[in-house]
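Each in structure tokens, the structures are laid out below.
Here chain A shows up in two complexes: once beside chain B, once beside chain C.
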Partner chain A sequence: MTDEIDASGALEAAGLGKKYRRGWALTDAAFRLPAGRICALVGPNGSGKSTLLSLAAGLLAPTTGTLRVFGRSAADPGIRERIAFVAQDKPLYPRFSVADTLRLGRELNPSWDQRAAERVVAEADVPLSARVGSLSGGQRTCVALALALGKRADLLLLDEPMADQDPLRRHRMMGVLMAEAAERGTGVVISTHVVAELDGVCDYLLLMGGGRIRLAGEADALQSAHRLVTGPSATGGGTPDALARHTVVETRTTGRQLTALIRPDGTPDGDGWIVTEPSLEDVLLGYLRAPDAPPLFTAEARTTFTEVEA
Partner chain B sequence: MVEYRIDRRSGIATYLQIVQQTKQALRLGLLEPGDRLPTAKEVVAATAINPNTVLKAYRELEREGLVEPRPGLGTFVRRSLARPGAAADSPLRAELADWTDRARAAGLDREDLTALVASVLEERFGETAAPGERGHEENG
Partner chain C sequence: MSSIGIRLRGPVTRLRARGLLWLVARQHRTALWAGLAVVVAIAAYIVWQRAEMVGYMRAHDIQGCSDWNWKAVCHGKEIDPEKGTNSTAEAFRHLTATYRAPLLDTGRLLIALPVLIGVFIGAPLFARELETGTYQLVWTQSVGRTRWLIAKLTLPLVAVTAGTAVLAALYTWWWRAAQGQFQDIAWGTPVPFDATGPAAVALAPLSFLLGAAAGLLLRRTLPAMVVTLGTTAGVQYGLNALRPHLLTPRTVVAEADASGEFTTTPVQVYVNAWRGMGNGYMTRTGEKIPLERCSSAVGEHGWDRCFARLGATKRWYEELHPASHYWPMQWIQSGICLGAAVALAALCLWWSGRRRA
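Right after this comes the complex of A and B.
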């Protein structure tokens, strides 16, 4: 393969798997994330989100399959300067001051942008003279984000960056990230298990469960591929005939009423059925409640290569 | 310059909120031809929404001929939606205020008035809900 195949996307995986001593954390992942997207990586705890991010950051080697970052192997040292990773445990030197930490970033990164990094710290109200060890968890996250943004990477991989932030700082940090994306077209992957947190922010989505990718693609396409239908439940239980030709993700029955999240094949109809378009949160919750629902990938999210070179 | 306020719980698509608030500012004369809209970066830094949403809203406003992008400079207002008859000091507005006072004196409350106005508008104009102003239905 030739160099710089950005057309292949920011991330692209085929047959990707990772096995730890306790078992498989990720199995047979095949997906594509185009460059410049704001991607939510959603899933319950232990679903493989952190493993996937660590593989993309080149910190873990895959057990099976391939993960390409901007068209090159994630293990390629040349790709490291194009990605920035903020891990959940934010490894920083506790005895360094914030200013020293940014200085370290400057010394280690040829493309360092001091102003961008200082802007994040200022926006988060973290004093430059404070020692990292004396900061709160949320403030430390902001310093880690400052390092990531100062690096001027093309893809930011953020593992639950907002988990320990108060609402105001969360809003500000998200604003900083979106401004970076607007200015430089930087792609962002944000893992979270709080779905509502990314409402209006993400335009791309990866839903994981049990070490597998369950949904992948543009957020609005995934949303509009689904319908919420409400109608009479079938006598004796089971799926009513009116829904038989559609892909049923999840059904819930309350008395004689049945609510179903479906992927319609044609227009859903039937006597007394009410059809609405679900919110993105409705879709995600439906899949989270139904771990065995069939996966869905949009055309954008399908891998363009199949060979496995692990 | 306008400042957008995004309500994530409104059920109205985010880009439509930007379109509607821009039009509102154009109607009220807060934005005039030649004014620059905030850049996508400025909007997302303040609202923490996806930059593509802002660009989509601006494209929609451009499609309607209300704004135009000038490469390297920003997005500028092309025409106003303000009409003399809708201004704060217009006789029409004074008449409406007068009518509202009479209706209140007759014992009608805010919801009665809203319903009354909506029904007259429907009778005179036909169509009711403006496109995109329908909220999405909650059921569960």
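Right after this comes the complex of A and C.
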């Protein structure tokens, strides 16, 4: 990968918005995803994950703003070779055999890697002669993933790829995916609403809610930017004074005990407060439970250009 | 998009174009074989029927004779297929009973083919991809969507046009051997006009593209098929209504002879013509009084009085399209169809450009 790509990142958006007939699915998104990262795109259903991925795949045109893929417009036909996309409902031709489907990849992509694609299919125990229409949902997803991996793209965009997989196959597919990504330095964006699925796999995170980006950045940086504090709840409810100078993401009260997810400003202290570093899941759940919490972008996740194109 | 022509010249893209053609051929594999089987079956039927018919006409020495005119003479023998008892009249009766219905029914099948092509090949072409989401699969491979669209249109277009051309040529060949015998069938009616010559061929790409464009715009298979059924049938209906006006009809005037019967002159023009464009009586100054002018007159005398008042003479005129109008009309109708087909193809390309971000 060239320096230019590393500088501009795999994905970079400014003022990005998409409006459908029923309303805005994505509003004013500005973020940056560096190349070669394994990024979890997390958010509840309808939060704009699929819209963002379809924009990145060039299937949709943005209503407002700009989305750059490796420094070029997502609409640029030349960028298509460098990205692979697996749509949420895994569209494939049902009357094609698995071998035909891989042949499609070979015929339509100059950098096709048949062995890599066949490895995925074999790993999932899907016979090459099987008709796609006769496969289970999980098997079809594997064929779609094989097609995406065989393309030898620099960025894989996967929309809920593990949703219909049994745990065993999910584990195996994840293993294949991560091995391929590590071997070639391929960037991956995996959207999901199951947070636990991606723990320990992803090193980058985009959290979406209500059509907005709420958290963006390296997973460890986001994790270490937060603290989980536990202490006595304030009399009469509300936020205890001890937490006032920090950004409180979310508080929960159990009896007379209060647990809060905060972004500390300095070292949190106070009588009887227990301060721990939250897991990534704690952070994500905290934000998911608190839709109004202020967004947080790490330095690396901030977009480097201001919107110039309409 | 503007660089398709240039890109096709590169060796890599030529390989990729083959790739798209592979995809389209694979998707239409079943339809291609089924279409080929239909073409072969109909072609074989036409060849067989024509051979039988021509063989019968040769065996009974009635080639090139017509039974339209009861005064007709066939190869020196007088024929009267209605009442005649000689072997020639028998042969005429047999010919009509055996070959007329297959000839007309095959023609009806051939004019239904463009509708079937539009509904079952054209309409699902894009509608199914858009409906099931498989367009996302292709659009995220390394080929441009305009090239995909062109490939998806080109292969079926070539196939249906070639298949229809074979059938139209064979049917024209059959019809020309039979037309002398069945001269009461006007050549300007849908059978044979829309089933023979270039007009028959041009209907296929037009109907296919009507279906494809409907599928692109509606994005749903079933509604696209219904709309295509309506538009392709409507196009044939409209062309049929338009056809008499493609060229100015010729006026043939018949004088009443001494016996009071009309003699039509010139006979050959009249016999081979597509008649019924208009008829009536002429005034002394040569103006036409169409029959409709007196259609509200009551009784035989009312009718006569009406025409007398309008200044009609006994000279009867008829407006018709002589047989020499067949080929010009065929080319005009083909031109209309192909022009519309090109416009529809342009609409499809515009659509693909519009959907690009």
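Following the convention adopted for this analysis, the second predicted complex is superposed on the first by the 303 of 310 C-alpha atoms of A that agree within 3 Å, B and C clash if a C-alpha of one lies under 4 Å from a C-alpha of the other, contacts with A are read in each partner's own complex, and residues count from 1 in each chain.
Here is the rule we use: a residue touches a chain if its C-beta (ideal position, glycine included) is under 8 Å from a C-beta of that chain, and two chains touch if they have at least 3 such contacts.
Since this is a predicted model, take the numbers as computed values, not measurements.
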item	value
Chain B versus chain C as contact partner of A:T63, first or second or both or neither	neither
Partner chain(s) touched by A:P91 [first = chain B, second = chain C, both, neither]	second
First (chain B), second (chain C), both or neither touched by A:D199	first
Touched partner set for A:G175, first chain B, second chain C, both or neither	first
Which of chain B and chain C A:T247 touches, first, second, both or neither	neither
Dominant contact partner of chain A by residue count, chain C or chain B	C
Partner chain(s) touched by A:E81 [first = chain B, second = chain C, both, neither]	second
Set intersection of chain A contacts, chain C complex versus chain B complex	none
Residues of chain C defined as touching chain A within the complex	12, 15-16, 18-20, 22-23, 26-27, 30, 132-144, 355-357
Chain B contact footprint on chain A (complex, rising order)	38, 171-172, 174-179, 181-183, 199-203, 228, 230, 259, 274, 276-277, 279
Of all residues in chain A, those that touch chain C in their complex	54, 57-62, 73-75, 77, 80-81, 83-85, 87, 89, 91-93, 95-96, 100, 103-111, 147, 151
Chain B residues within the chain A interface of the complex	6, 8, 14, 39-41, 44-54, 136-137, 139-140
